[in-house]
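Both complexes below contain chain A, partnered by chain B and then by chain C.
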Partner chain A sequence: MKKLLGIALGVLTAIGGFVDIGDLVTNAQVGARFGLSLAWVVMLGVLGICVFAEMSGRVAAVSGRATFDLVRERLGPRMGLLNLVGSMGVTLLTFVAEIGGVALALQLVTSVNHVLLVPAVALLVWLILWRGRFSVMEDVLGLLGLALVVFAVALVHLGPDWSALAHEWLTVDKPGEESWSTWAFYAVALFGAAMTPYEVFFFSSGGVEEKWTAKDIGLMRANVLIGFPLGGLLSLAIAGSASVVLGPEGITVDTLGQVGMPVAEAFGKIGLAVAILGFVAATFGAACETGLSVGYSVAQYFGWQWGKYVRPDVAARFHLLLGGVTLLAVAVLVTSVDPIMVTEMSVVFSAVALPLTYFPILVVANDHDYMGEHVNGRLANGLGSFYLVVVGVAAALAIPLMIWTRMGA
Partner chain B sequence: MGNRADMRTTAPRVLLALVLLVGPPLLAGCAPGTPDAGAWRADASRATGDVRSEVATVGLALRRHDDLFDSYLQTMVVDAEEAAGAAAEKLSAVQPPTAELERHEEVTSTLDDAASLLSEVRIAVVRHEPLTPYVGRLTATADELDGLEQRLRRPAG
Partner chain C sequence: MGLRGSYDAALHLLDRQIVDSDDLMVAKVDDVALSPDLEIVGLLCGPAVLLPRLGGRLGPKVKDFWERMAPEQADRSTPCFIPVDAIAEVGSEVRLNRVRQHLLVRHEPPGHRLGDLLGLPVRGGGRSLGRVIDVRVREGRRVDGLVVGRGGPGSLLGYDRRRDQGPWLVGAVVRWRHRHTGYVGRADVLSIDWGHGVEVSVAGLGDLPPTT
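After this line comes the complex of A and B, so read on.
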């Protein structure tokens, strides 16, 4: 019974923790402009993140060491540094976007300008990174993130033309007035949002924090293979509800307030309160995860003591770094840069960094010395190789499409 | 390394080449560049679409204002007003090509009117005034912007 509860809790927190500011904004933008014609990209991205999260979780469970730790050792400092710079740069950008996202969500209930809220939000994030217990942070914020299920319920309640939605989904039916280049840009952005690198760093480092062993592989797989796809359904529900409510009005999404409108239309103030709770939990949880991921990746590369399972004074450099990146995020956001724009940039650059993140994981998961009998099988290698081609194409297209379409304008 | 005499004869030539290469673009940078008619239409159409989206957002928010918290509605309206103002201002800074001068007047004036309407709505929302009268005006403005956006996809004349 206890084991079953553990699996249920893991799956629920994986669902609630799946969506972040990038998923919220990008899915709503795509839903409003393209309906469900890009739903296949979300599905492709969710399967991809499942493949690599399972691999990195397995590596952590078997070796007791996290991704960057092994990447540098297995592929050498140069490849490790390339991996670090690409992935950490994107994760840092995502961290800035998530803190901005929390401030934007709080602005919706306080009407205080988000720039004024940023220092308080950042202080709270830093306090949790410094003092909060890892399991409490992950479980509480993950469970509160489940409030976003309100988007799925709202979609059903709104009573859309399901056959029209299914037609868009299955026929990849792009609206006539949109260009294929813009459609392709958003496909890459959605893919980047679904496969954002920090998720695997956080997942594998979290496994080390929670002292996974080979016995925990089953639980880890349940979290990934059930939790992540259900989290992906939340992304599709956000896109679907935006398609039903915002699409017919010709609204292009550029604020978090617009993202919540379908829920307000379906359930009024009560539904909206639940959605805002979901926004805050999802972005706050992701801010903690991305902040930690920056610290994890740097500390693991340089061989510093890291993690929340050791006292802060033992992992002083790790905690100093967390404080430093939090200050950096505040410095960026108080310039009045639009957090939504930072989010859009982060998902595009996430697509660019994907090969740097996922290629080393595939190599390490194939190393018998680390993995023993748990080395990648044919299925994992087949899927991993397929996804390396896909992420390579997405990475190559991301910047040219961003310039060509002027960020999908 | 060349000797000093070589440098004396080469240096003015290099300077002249640099002036010829860099001068015209720098001088051109002093005056606003004039986009061709197609590029201006694309910019104008994008700005009109952006403002239309903001007007439609506020229209939707006002229709559902009983379902929104005051702070939520205020934030949405302020965001829309700022975004519409920025889009209108950005387009007004673009030098219109001669063939599109007439439409430039029409577009900038329509965008300014839409931004002013959003400012009126923001004042009404913050002052808790009745909002129903604005719904019709917002719908009409969104329709007008939609028509203008469609027309901007074709050359003038």
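After this line comes the complex of A and C, so read on.
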């Protein structure tokens, strides 16, 4: 019974924790402009993150090594540093976007300008990074993030023409007024949002934090293989409801408020309140995850003590870094830069950084010295190789498409 | 003594996490200290050895920059040293047999760095055979020979050890890139000109012996 509860809790937090500001914004934008014609990309991305999260979780459980340990070990200090700079740039950008996202969500409730809310939000994030228990942070924010299920309920309540939606999805029915190049740009952005590298940094380091052993592989797999796809379903519900409500009106999504409009349309104020609760929990949880990921990766590259399983003074450099990163995020946000724009940038650059992260994981997950009997099977290797090619293509196309389409304008 | 059997030093030792006897993290194996007759005497860590290993034009530049940040420190370019008898076990991490408090002291024993051996061009019979991409160690500490090939240090990624190591795609690409990679035993090494190159007495490379 206790084990079943453990699995249920893990799955629920995986669902609630899957969606972050990048998923919220990109899915709503895509839903409003392209309907469900890009749903395949979300599904492709979700399967991809399942494959690599499972691999990195398995490596962490068997060897106790988190992802950036592997990067430094297999790619060496030179490529490792390049990788660190690249993926840290992206993760920092995401961290800024998440804190901005929390502030935007709170602005919807309080009507206080989000720039004024940023320092308070950042202070709260830092306090949790410094003092909060790892499991409490993950469980509470993950469960509150489940409030986003309101998007799925709203979609059903709105009673859309299901067969038309299914037709859009199955036949990749791009609206006529959009060009294929913008379609491809948003495909890369959606893929980047679903597969953001910080998710595996956080997932594998979290495994080390919670002291997983080979015995926990089953539980880890259940979390990944049930929780992530259900989280992906939430992403699709956001896109679907945006396509039903915003699409016909020709509204493009530029604010977080517009992301919540379909729910307001379906359930009024109460629905919107639940959606905003979901926004706050999802972005707040992701802010903690991205902040920690920056600390994890830098500490793992240089070999410093890291982690919340030790007292902060034992991992002093790690916590100093977390404080510095939070200050940096505040500094960026108080320039009144638009967090939505930061989000759009972060998902595109995520796509560029993908191969750097996923290649070393795939190599080490096959290493018998490391993994013993837990090396990749044929399924993991087949999917892993396939995704290595896919992320390579996405990474190569991201920047040219961004310039060509002027960020999907 | 934690260093046992035969292994490839760049693949199995370099860049691994060092943890102390209480499971707390100490540093990375930023480099490995070799005695003048090429026996592993300890681990080196700190920017003094990490920065030069960044290689290319970047490595010397950042090392120079880092030293200029505190020109008054005489030991700025000396790394921290962990003697080989402090190592309890080498697995996916390097475990020490002592606690980390006051463990690291700035010191570099006379001899060479593994990082300086990696990447050196190898010549034999008047022609270039490639570069040192790894160093095969026997009996835990003794350098037994050089793995010579055309990639960067550690670029074999461990794919030389088992034919069936997957995934097929990555294995095939790595093996194809390293189709000219081979082995030179210690006895065939005529001279090592540190900073310049290695001269060997054979004109071709032998097959890689299996590690045990």
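Quick notes
Convention: the second predicted complex is superposed on the first by the 409 of 409 C-alpha atoms of A that agree within 3 Å, B and C clash if a C-alpha of one lies under 4 Å from a C-alpha of the other, contacts with A are read in each partner's own complex, and residues count from 1 in each chain.
As a working rule, a residue touches a chain if its C-beta (ideal position, glycine included) is under 8 Å from a C-beta of that chain, and two chains touch if they have at least 3 such contacts.
These numbers come from a predicted model, not from an experiment.
In the superposition on chain A, contact is made by A:Asn381 with chain C only, not with chain B.
In the superposition on chain A, A:Met261 makes contact with chain B only, not with chain C. In the superposition on chain A, the chain among chain B and chain C reaching more residues of chain A is C. By the touch criterion defined above, A:Leu272 lies against chain B but remains apart from chain C after alignment on the C-alpha atoms of chain A. Contacts of A:Thr252 after superposition: chain B is touched, whereas chain C is not reached. In the superposition on chain A, no contact is made by A:Gly218 with either chain B or chain C.
Legend: residue contacts after superposition of the two complexes on their common chain; A:Ala409 is shown touching chain B, with no touch to chain C. By the document's definition of touching, of the two partners only chain B reaches A:Leu108; chain C does not.
Contacts of A:Gly372 after superposition on the shared chain: neither chain B nor chain C is touched.
The interface of chain A with chain B does not overlap its interface with chain C at any residue.
The touching residues of chain C, when paired with chain A in their complex, are 12, 14-18, 24-28, 30, 45, 50, 53-56, 58-59, 91-93, 152-154, 157-158, 161-162, 165-170.
Residue ranges of chain A in contact with chain B, taken from their complex: 107-111, 245-246, 249-252, 254-255, 257-258, 260-261, 264-265, 268-269, 272-273, 276, 409.
Interface residues of chain B facing chain A in the complex, by the touch rule stated above, are 46, 49-50, 52-53, 56-57, 59-61, 64, 66-72, 74-76, 79-80, 83, 142, 146.
Touching chain C in their complex are the following residues of chain A: 63-65, 69, 72-74, 76-78, 80-81, 299-306, 310, 314, 359, 362-363, 366-370, 375-376, 381-382, 384-385, 388-389.
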